[in-house]
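The two complexes that follow have subunit A in common; it is paired with subunit B in the first and with subunit C in the second.
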Partner chain A sequence: MKRIRAILGLMIPLIILYIVYTGSFNLFELILGIITAIVVGYLFGDVVVEKTSKVLDPVRWFWLVIYAVFYFTVIEAKAHWEVLKLIFNPSGIKPAIVRVPYNVSTDYALTTIANSITNTPGTITVDVDEKRKYLYVHWIKAVDVSDKVAKENISALFEKYAHKIFD
Partner chain B sequence: MKNKEILLGVLAGLIVLALVYLLVSLAIIIVPPQEDNRWLASWFLETTYNSERKELWSASPEVVTSILWDYRGLDTVYETSVFFFAIIGGLMLVRSVKIDPSKLGIRGMSVISKTVTKIVLVSIPVVAVSVALHGHLTPGGGFQGGSIFAVASLLAIVALGVGFLYRRGWSKVRLLGFRTMGLIIISIVIMAVFITGLTIGATGYIMQNQWKPWAPIGYGYLINLGLLGNVLYSGSLIFLNIAEFLAVSAGLSLAFIIMALPREELIKGGDLE
Partner chain C sequence: MMSEIINMLVFYIGLILVFLGGILDLLAAIGMNRFKNFYLRLHAATIGAIGGGFYPLIGLGLISLTLDWMGTNRFYVAGISFTTAFFLVLTAPVGSHALAQGTHKSRIVEPEPIVVDRLREDEEKGLIEK
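Moving on to the complex of A and B:
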């Protein structure tokens, strides 16, 4: 039963992946894609999908698209600009590993936050403490090492979107 | 402060421009396209999908797959059997190891690596199946698809622990079963034309794909599925690719699982599973 629900949830993304990778679309390929999606969903689906309704929720997909566009343009550009300024003014470098609390419940949201931090230049997620809900982040320009300020500067925005998309 | 930042932006832009100019003007060279191939390459390119010379063709536009599974098909079959025996050899080494799935590595990596691996775990097999199913049309094929699939198993072993695959029922016996099933399908496909020839009294060869003037039995290459249109399946190539995909993905996954068994289990040994 769990596996059937997982297959239903993964069906559309996997079919899209199959067709995009194959590079040609016709009815026959679509049927092959459906069969592939069912088999793969049966093999590994229940590891990936916990709640089918979440995968099929269009509001979450909407926020995912918004976040992806916003992240890869505005946030990335800002972070690059900060690092660029540091490169030309190395005296401003003040590296530290700071503790950043997070407040999301699912693994996917946590992974989104952690990878968003790592992918922006200047900050790297070093470790995660799941029990006490802390991320340990290496920050190239640590203006303040207190939890609150670090979170505001590093992950507050990511967490807002991660919460909307995955929680 | 504001002026300094603008200056900085302009400076950074100029540096990037200078680097791009140097790269484009110095590092990029134009290679004139090669006009002619060697005669062997030309021969294969002109015959594999040349419907005017059906006595030589293999009905597949993909030259590499045609050579692998048609022109030198027996060689590939032997390679597959050698690989099968290598896996059997590996199993012989660990034959006395009793595996207790509940004790196998359950911790794996951090939650971040685990989550990303889980997403990749459903994406890789889809790509693998696509590569395997289109082996007769585009670069790729059964072995390539199977290897891609095995990467998923390898990632699962490393990031989620060996116990993950074991607890999902990927036992030695079952994987070996799939591996053997692939080999049996290959055997049936390569023998079918020969045996049909024997029964109806016409010439047919082992590993034959398309009909020849002196051996008038073959697999055909195009099927009309009505609403779905005409589908080119290139005779035996697609069946061999699917079977090889099954065999290689199960075989390599099994090899990776054996390699990842914890050292204590290997030293301890025990009864046959």
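Moving on to the complex of A and C:
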């Protein structure tokens, strides 16, 4: 039963992805997508899906959508604007590699935080220390190099949503 | 009537996104030249990937959704645009991570100028392996 739910948890996103990708609703495409998704889900379901109750939880999907919309409008726009200002005024840069503590348990949440940090211009994840739970982030305009203030400025918001979505 | 207005709105939002992407790509290229250090240039490259890659693809998908003369082909174009944008967001940071980490570990480029380098400090203290 657990295995079937793990397969379903990988299958449904894959079928949605396939239908969006092909952009057609033929019976042929649908059946091909379902067969491919079943094969992939059977092979990789229990590797990709750790906890089946999380994948089929609509609240987590809701927060994922909210986060995606918020991230790609507000956060990205702000970060782009900051770096664009620096391009025309390079004397304003103040680069530093700061230590950012994180407090999530799953790999998915950690990946979400690291990718969100790198995808905003101005901050890049350089390294991760999974034992002591630190991310090392290259920050182009470091207002403060202490761990706590760096976290508030860089990843506090990402962590809040990653906790809601994946933890 | 209502659907025509929405169609037009979506079309112009798409156009704006594509146009914005072109400008951001140009500015990222300028930044690439003006920043004098490898790590700083990575930030300009992020602008090129997200601002100059993700947003134009979303805009392209929105534009093609509104073009009625394309028939069902418009879903095909829009679907490919959206999935490409999705995978771009997932995979673009992986390259940046690998470049930054590899460069820092191998010491090919010194991250100069720099205010503080916590990673180097912790490596010298022996807290994380080199």
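The rule we apply is simple: the second predicted complex is superposed on the first by the 162 of 167 C-alpha atoms of A that agree within 3 Å, B and C clash if a C-alpha of one lies under 4 Å from a C-alpha of the other, contacts with A are read in each partner's own complex, and residues count from 1 in each chain.
We take it that a contact is a pair of C-beta atoms (placed from the backbone, for glycine too) under 8 Å apart; a residue touches a chain by one contact, two chains touch by 3 or more.
The model shown is predicted, which means the values in this text are computed figures rather than measured ones.
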item	value
First, second, both or neither for A:12, with subunit B first and subunit C second	neither
First, second, both or neither for A:143, with subunit B first and subunit C second	neither
Touched partner set for A:21, first subunit B, second subunit C, both or neither	both
Which superposed partner A:65 touches (first subunit B, second subunit C, both, neither)	neither
Subunit B versus subunit C as contact partner of A:83, first or second or both or neither	second
First, second, both or neither for A:107, with subunit B first and subunit C second	first
Subunit B versus subunit C as contact partner of A:94, first or second or both or neither	second
Subunit B versus subunit C as contact partner of A:127, first or second or both or neither	both
First, second, both or neither for A:56, with subunit B first and subunit C second	neither
Overlap of the subunit B and subunit C footprints on subunit A, listed as residue numbers	17, 21-23, 84, 114-115, 125, 127
Of all residues in subunit C, those that touch subunit A in their complex	24, 27, 30-31, 34-37, 39-40, 42-44, 46-47, 49-51, 54, 72, 74-80, 82-83, 89-90, 92-93, 96-97, 100-101, 104, 111, 113-120, 122, 127-128
Residues on subunit A engaged by subunit C in the complex (per definition of touch)	17, 19-24, 72, 76, 80, 83-84, 86-87, 90, 93-99, 114-115, 118-122, 124-127, 129, 132, 136, 138, 140, 142, 145
Touching residues on subunit A, where the partner in the complex is subunit B	10, 14, 17-18, 21-23, 26-28, 31-32, 36-37, 39-41, 43-45, 47-48, 84-85, 88, 107-108, 110-111, 114-115, 125, 127-128, 130
Interfacial residue positions of subunit B with respect to subunit A in the complex	5, 8, 11-12, 110-112, 114-116, 118-119, 121-123, 125-127, 129-130, 133-134, 138, 152, 225, 227-229, 231
